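There are two complexes below, and they share subunit A, which is joined by subunit B in the first and by subunit C in the second.
Presenting the complex of A and B:
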């Protein structure tokens, strides 16, 4: 039994390595900047969704306010860079730590809330964050911050001529988020989180300190999302509150995981691989003048999948696997 | 030797309702003690107070020589109090083995050891064959057994069983009784809340009868079932007269 479990873990790792390897080769075949752009966003959202999945999928605390941590990562990096000359690499880490601390600070009152009340609280807090940044003069208020770009530099993590460095960073971030999840899945924390999601009272009776478990999940999740926000800010070279802290980011972190399979290792990656290209394509082909048709198609797909496969797309794979096992 | 568990003058009020009034009981090491009483006697409340779900309004609870009155459930588990739930609370999206691993993690921080412990407990409770099944796919009797397995994985000194034998078929109940004996033989003290007198009585060393939130009678099972006060509490005045 344990052998089979260990084999599955190794197989997951192997598949991930192969996929990452293939993805790393993709730029050889894709020279088109528009397509490269889509690939970068797909990888970024896969990473974000994977991070969101730690708190909301594994630990079961559904957050629709993760845009806050994304924005904090972006703002921390750019404020430190433009105001104090701190290199984005350090700003990125600082953003991650700030986001993790804020996540725990918010968790302190809000993890007492359950179910819908918790979800509502996360939405409200993220909106408050957005309003604060829109009115914070020092941080550029609604005008935002333009990052001075003076040519290609790994040190300053900015590139004008090619998007490839961004692509590889997004890929690396995606790999890190996946690997962290993989590692946590077979750890004390991973088990505690799933226990807390399924039944907090029973978890408590088995020695799990439910509150601390949630705090841990929130910190890891927010940290990784903030790194993603920092990346996005560098990638755009311009940020304003709406473009890094808008509600759509919270949704775009949650949806891939929900679509692919919430609380699963592969769900977020699978969901993002389908959802993000589709979002971009529908937007460019049927969006624009029609304004909204893309969203209708998009929404319809999500409704269809939630009805047909409530466990997400990964259940297609596990179902066939389960059949194979009984045979 | 001091008792493993002791409640001293425990009161629990919910608004105007007094669920437990001045309950003092003790459970010695290695005993199987039955906590019985008619519906609404306050058994479940007392049980939850001992498990640490909520603190008592008044009085204190002592475990293994320490005052644990204010300790939350998780910490009591770490000190050696294991429990099951009357309405089973399996981790439904997790497999049987994963359910048990959660319990085993209390005393084993290394995953491999927690997993080994969990397998050991599944063997002990007769669930080994179901290890890789989702908890939601178990039949009710198996779910009850999983509750016990999970609690045993925490390596408790005291195991609190909340109606684990209720609602089972006679065969299933006999298997359950055998399991409880096995648990005690492994050196674990058992306090069990039960409804079904004829199953509990031959099993327990001592019975404590609660009625209307108070300890009514306490003693050897054979004496307790004949006690007029107990008969009155269960069946009403008319039956008590003859006894």
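Presenting the complex of A and C:
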């Protein structure tokens, strides 16, 4: 192991610990519920994007269908809760496991596809899921499910008086997703994924089991995204197919990583920290007129960043020490 | 279910499929030319429908007559989009694929926002046109005239495109650039010019489709999104890079959609299209006519 790489990893861990500590203190200074809401969403999308990045960034299998796993997490949790009385905590884990199993089941045929054929297949499968849930009467069809109000309780993962518990859960999820990525980066899997991304044929010939390593990435990625979906469902207290499985979630998971720096450790967090507050603020300050100015600004920014910084915002930070440090 | 009903629905499916082919062919052309998937393709369609709508509202030009004007307007739009955005996206040295996806996608959002800003989110439609609402009946099968005209325009456009690519200098330059963009520079073909004209042509083709569709479909800022996914599936089904694969892909999509609507509730009719796409690429990972 390259010494500089090891040093960089220690430094990353330290920075993450400091940032997480600072974030944990943020609610002391932010009393405004609207701002707290934005912080929660930012942390959630950072976690989602970090998870998406494992499959699409590190392993190079661009998925624009992760809304499927997000929705599965949300629906598994709420169906188990409202129909069978299973606590959301168990539902959340069940959702994660179901999503991981589905991801591997889909991976079996999907990973034979290349490039755009793969991307379109992921969009299409999420659309199929959306349409099926919209027509599934038992699961509430297009009407969705309202989560019953049972009062503030960690046991039932529901908080009415304050949003802070949601904030801390989102922060924890974000930390877990980051830490998993950090840990995988230096594992056998991390090296396999980068090899698969750069040149699958060469990787195969060097003994990397390309297919299995894609499956592993898909499972980890789907599991974490489904946990995020379960959290989002509890946070909203209401779900319907469009609001947890719509195509926009697939994009909102991909965009922070792409803008921040795809396939990098810090890209998703950095991207989410800029993109999500910007989305929310443009929507509430200039989107209120319903005249689309927020869309114009938002879209133009995406174009500008993707053209000006093809390697994402993280490239601004690593330019000076680009050679050794970025591998 | 009578045989009559089945034939009726397959006939409507075929007409719609030819139109899907026309919507998708621009996407296939651009991809074949330079390996770029235009994620603003649905928005090109949306703009075309608005142009047709406004030509009707302000100048009382029937959608059928305005189709060439709409195509011309879209040609300019396509070329401008290439020159202002895509040209720069092509220069990205890292993450080229992602840059192309997200720059055109960002553009799509901007176009939707602009449409909302200038045209409001209201649903609009062309109240009466020469063909709108009329049907003709052949042996007891009823065919709506606008869709019939759309199918006819689609067949003519594909035939025209075939002649254009194979018989004109520009068509040959297009084909040559697509085969080897490096080598064409050596024989004096300006690659940028060919790409810009290719984008113009691709957009003009979706413009034709939009002009026809304006006479029988609601027009609103998000209308492109619902057709964009079908267009991607159509192109991928036909095989990326194959312009005439889009023709076959469109027909397959139209027929599958109509068949699905016969057996499943109407809200699930797209599931059939998606399932057939997955089935085809699992068996043939490069689509029906694509090259690997």
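Definition applied: the second predicted complex is superposed on the first by the 319 of 327 C-alpha atoms of A that agree within 3 Å, B and C clash if a C-alpha of one lies under 4 Å from a C-alpha of the other, contacts with A are read in each partner's own complex, and residues count from 1 in each chain.
One rule holds in what follows: a contact is a pair of C-beta atoms (placed from the backbone, for glycine too) under 8 Å apart; a residue touches a chain by one contact, two chains touch by 3 or more.
From a predicted model like this one, the values you see are computed outputs, not experimental measurements.
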Original post:
Aligned on subunit A, subunit B and subunit C: do they clash or fit?
Top reply: fit
Original post:
Given the touch rule stated above, what does A:310 touch, subunit B (first), subunit C (second), both, or neither?
Top reply: second
Original post:
Looking at the overlay, does A:2 come into contact with subunit B only (first), subunit C only (second), both, or neither?
Top reply: first
Original post:
Who touches more of subunit A, subunit B or subunit C?
Top reply: C
Original post:
Between subunit B (first) and subunit C (second), which, if any, makes contact with A:255: first, second, both or neither?
Top reply: second
**OP:** Mind working out whether A:83 is in touch with subunit B, subunit C, both or neither, as first, second, both or neither?
**Re:** neither
Original post:
Touching A:112, do we find subunit B (first), subunit C (second), both, or neither?
Top reply: second
Original post:
In the superposed arrangement, does A:206 touch subunit B (first), subunit C (second), both or neither?
Top reply: first
Subject >> Spatial angle subunit C-subunit A-subunit B, Cα centroids [nearest 10 degrees] >> reply: 80
**OP:** Examine A:295 and indicate which partner it touches, taking first as subunit B and second as subunit C; both and neither are also allowed.
**Re:** second
Original post:
With the two complexes overlaid on chain A, what is the closest approach of subunit B to subunit C, counting only CA atoms, in Å?
Top reply: 9
Original post:
Inside the complex, what are the residues of subunit A that reach subunit C?
Top reply: 62, 109, 112-117, 119-121, 123-125, 127-128, 131-132, 134-135, 251, 255, 258-259, 262, 290-304, 306-307, 310-312
Subject >> In the complex with subunit A, residue positions of subunit B that touch it >> reply: 51, 53, 72-74, 77-78, 82-83, 85, 89-94, 97-98, 101-103, 105-106, 109, 111, 114-115, 119, 131-132, 150-151, 153-154
**OP:** In the complex, go through subunit A and note every residue touching subunit B.
**Re:** 1-2, 4-5, 186-188, 191-192, 194-195, 197-199, 201-210, 263
Original post:
Hey, which residues of subunit C end up touching subunit A in the complex?
Top reply: 31, 37, 85, 88-89, 92-99, 101-103, 105-117, 120-121, 221, 229, 232-233, 236, 240, 265, 267-268, 270-271, 274-275, 277-278, 281-282, 285-287
